[in-house]
Amino acid sequence: MELFNLAWKNLWRSRRRTLITLAALSFSLMLIQAFHNLSYGVYSAMIDSGVRAGTGHLVVFRQDYLKTRDEKLSFNPHDLAGEIGQIDGVEAVLPRLYLPGLAQSSRESRGILLTGVVPAVERQVNPFLRGLPDDQWLTSLEGREAILGHLLLKELQLKKGNKFVVTLQHRSGELVSEMFRVHGVIKTGIKSVDKRLLMVGHNRAAAMVGNPDDIHELAIVLEDQDLNYLVLPQLQELLKPHSTLEGMSWERAMPNLYNAIRLDYASQKFIFVIMMLIVTIGVINTLLMSVMERFREFGIILAVGASTARLRILVFIEALLLGLVSMVIGSSLGSLATWYLQVVGIDMRNFISETLEFGGVVFDPIMRAGWDLPWMGKISVYLLILSLLAAVYPAVKAGRISPAAAIRHH
Amino acid sequence: MLYQLALRNIWRNRRRTLLTLSAMIISSALLILALGVFSGMLRDMLATATEQYYGHLVISAKGYQDDRDMFRHFQSDESIGTVLEQEDVLGYSQRLRSFGLLSRQQNSSPAEILGILPLQEQTVTSLHESLIDGNYLTTEDPNGAVLGSGLARRLNVVPGDQLVFVTQAADGSIGNDLLLVKGIFSTGDIGHDNSLALVPLAWLQQVLVLPGQVHEIAVKIDQPFNAASLAEKYRVDLHETLEILDWGEMLPEMAEVVASYDVSRMIIVTILYIATGLGILNTFFMAVMERTRELGVLMALGMRPGQIRVMILLETTIMGSLGLVCGAVVGIALSLYMALVGVDLSGTLTPITYAGGTILPRLHAVIEPGNILIPSVCLLIVSLLAGFLPANRAAKMQPVVAIREE
Amino acid sequence: MALIELKSVTKIYPLGNQEVVAVDDFSLSIEAGEFSVFAGPSGSGKTTLLNMIGCLDQPTRGEIWLEGQEIGHADQKMLSELRLRNIGFIFQSYNLIPVLTAAENAEFTLMLQRVDKRERRERVTDLFSLLGLDGLENRKPSDLSGGQQQRVAIARAMASEPTVVLADEPTASLDSHASEELLALMQRLNQEQGATFIFSSHDPLVISHGKRVVRLHDGHLESDQ
């Protein structure tokens, strides 16, 4: 305890130096925490909108469907959707059918992805449909109404109410065509979707290929994405009797999104690491200086009988105190910054006016932070460890002081 | 004189100077590397969109790029003026486009078909370099096709297989004909790999019943970032029914991402350098404070406060310059390594779509002057700023008090 | 007119919440070419007086005239100019600039005055031979003995041919032999070059060399011989 007291006093002997070092440490910690939390919030929003429009937090496919996207790999879910819906934490289960085909108007043809959905469930979950008025939404599973991406509509030169033909391949290999009518238009901001999306009632689409009950994907949306790891084992348990089906989480099912986040976060981490390195060098410098300028003093302490180990511990305690204080200040500032970024956010519309697609998801132009408390704790502990590591060399130096030389030293 | 004094002062405390320098070098070198890699990703993203598909500039009938209406075609000998003869133009390619269904036996898939002249197309896009199977089209192929890998997989075809293409022709009839798969490309861009096919221009003109017509002329230029100004320049040369668009107009979101890179670069540089700057500030304060007495003596000898300030600022500038040079050298060396060798991430990452392009799963740096200059210049500014406070402090010292300092 | 005139000079320092009167209503005049010692115990005000004459410090009240110029209330810029041109300092603990060589130290004030390099060298070489420092020109201060360092300090103070050389306890860090040598040297410089010297000291040896001894006690003039 006395050593702590002594270390604390020593730190404040050179007030400015200690303050600058503390500032560097706390500032870095604050920035790292704030940026991480900002990314955390942005990624959460991306994941949320991505999984709701895409495969859900968890998804059931026929085996190999993910890899080949072969529309023959469909399956009849029977009661599976209902059973999965019973699992705690499941918000919605969305059966979907995906059929690549060709849409033709009187003038133009375009490749499309005919997506068969269950209108009642899809409406509540899919963020693509948020801007769609109720009267433009599909009314039945069998109807000929279709929702089109706005670019597709434009390229086919269609208007609301117009009819057009969709051609695709029947199970038997025959090409089959069916008439649909433009009922609604959506704008997602993702070019590939706006150009190819054609949403119709599931049964109508399924009937075209000759398997009226089949689907390709059961997208499972959870109440909270952290429930992923709880629900997945239960889902896999449920799928055991169905050997041809597999359940997986969105990280595997949507590699584009998952990797976009990973890549973005990796580059951020690289910057974090540089920052930590620089700050550590700063701490080494500070501690080293404070050891060197107390050369004589340390010599006297040794001369009156203190052990070198004690001196080393003293240096470590000084580092520990520096680390602890900046942990507290930095985390407080980091929390403050996070709070601001959560409540106010950063409005990217000032920089980028277009809707931006990243990893297959529209990037919300107002970036908001989220709280990742365990991570904030973890990074503060890292900072503490780094300041202790920074003390190693100065401590070694302090231990090597020879009392006689030190007292002569001026 | 002052310069000499400053230089020698720097090396008085070698350990401290080296530590501070190492912080400067690490921050600037790694920053240069990171910016080089980020630029590399942007470049890849831009290249997947332009050099694998759009071209940097595209000449087409007015409105065609908006809805890709089959009927907005033109004859390429129509007045496009001297655009294609400009010295910035590295290559151009006449194209006819159609959307339709490709089928082979039980499999069919919607596809975008580009009718091209193989020799021309190679001067604009690099698809011929991305072949994973078979060969590129040659001028002799009457009905060859080169497909994206995803499309080939869906259709379950390999080079040598036959395909049927069905679409609506310009005369209202259903056009269909046979294609022979020649090659398969894989670019990493999911959109192209899953739906694009290249066929001979003449073949497609015949299927669509559009003899002699094209939809667009894609142009490759020397400096992609000059595309907008070149488009502006060439525009006057064109016939009034035609327009020329740069990649920024076709992919506005990408243009904005590229433009906002400057902002994000400054943010990264600023943040990192505040941390570095505080470290430098600390060192310089220590260097000044421990010399209080000596500075007092210098003043007693008649050195003016202004000269003291200049001396301290010189010290920080020299250190900043030293850090800058070493940092830039190390940074460029690292970037060069990443540019020439790079790191392949395809084992751990899939390609990522971003703003209309694709970020490829690799770390690959490009050397851009801005990525080196900005961190370097900012480092110098930071060291000057960090020197300013201690220098002021030194200049304001009272000689009597300073000399008494033990 | 006298070279230096102090008229009713008072200097008060703040010390914590209190004030310390270091020099109290002190008057004195010093002629050119004098070799004077301010003698007295520590705290008697001799260093304060030297600092004020040396333009390092300014009086709280009273006037100080140096060569017909009032310096007690001059601005900082003027003070540093005066220090550069008119004053030579010799300190108790030598205070050479550690990163400069002996010759560079001696040349320093000349460099500040922008005297050209050749002339600088010449003048310093002369001084070094006068002071018995030949061959030590390129040594760093840390490689010189205390006596040698103090002689370099004298060379530095003399190099710019100042009006007055102020030496604050110049022998305090030296042994008696070196002190004796140093004083002899300064006396020679005083006689041969006509430089004015003012010392502060409580060392009887130094005091015994002084032609004029001004004794101080608690900031007051005690005696003047």
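When the chains are written out, they are named A, B and C in that same order, and each has its own residue count from 1.
Everything below uses one rule, namely that a residue touches a chain if its C-beta (ideal position, glycine included) is under 8 Å from a C-beta of that chain, and two chains touch if they have at least 3 such contacts.
Note that the structure is predicted; figures quoted are calculated from it, not measured.
Taken together, the touching pairs link the chains end to end in a line with two free ends.
Interface comparison, A-B against B-C: more C-beta pairs in contact at A-B.
Mean C-alpha positions place chain A and chain C at a centre distance of 72 Å. Separating the centre of chain A from that of chain B, both taken as means of CA atoms, is a distance of 24 Å.
Between chain B and chain C the centroid-to-centroid distance comes to 67 Å (mean Cα coordinates, whole Å).
Contact residues of chain B toward chain C in the complex are 1, 5, 8-9, 12, 293-294, 297-305, 307, 399-400, 403.
Remark: chain B residues 15-16, 19-20, 22-23, 26-27, 30-31, 34, 37-38, 66-71, 98-101, 103, 105-112, 153-154, 166-168, 190-191, 195, 252-253, 256-257, 260, 263, 268, 271-272, 274-276, 278-279, 281-283, 285-286, 289-290, 349-356, 359, 361 touch chain A in the complex. Interface residues of chain A facing chain B in the complex, by the touch rule stated above, are 14, 16-17, 20-21, 23-24, 27-28, 31, 68-70, 100-102, 104, 107-112, 154-155, 157, 167-169, 173, 175, 191-192, 255-256, 259-260, 262-263, 267, 270-271, 274-275, 277-279, 281-282, 284-286, 288-289, 293, 351-360. The part of chain C that touches chain B in the complex is made up of residues 51, 54, 56-57, 76-77, 80-85, 87, 89, 91, 95, 97-100, 108-109, 111-113, 156.
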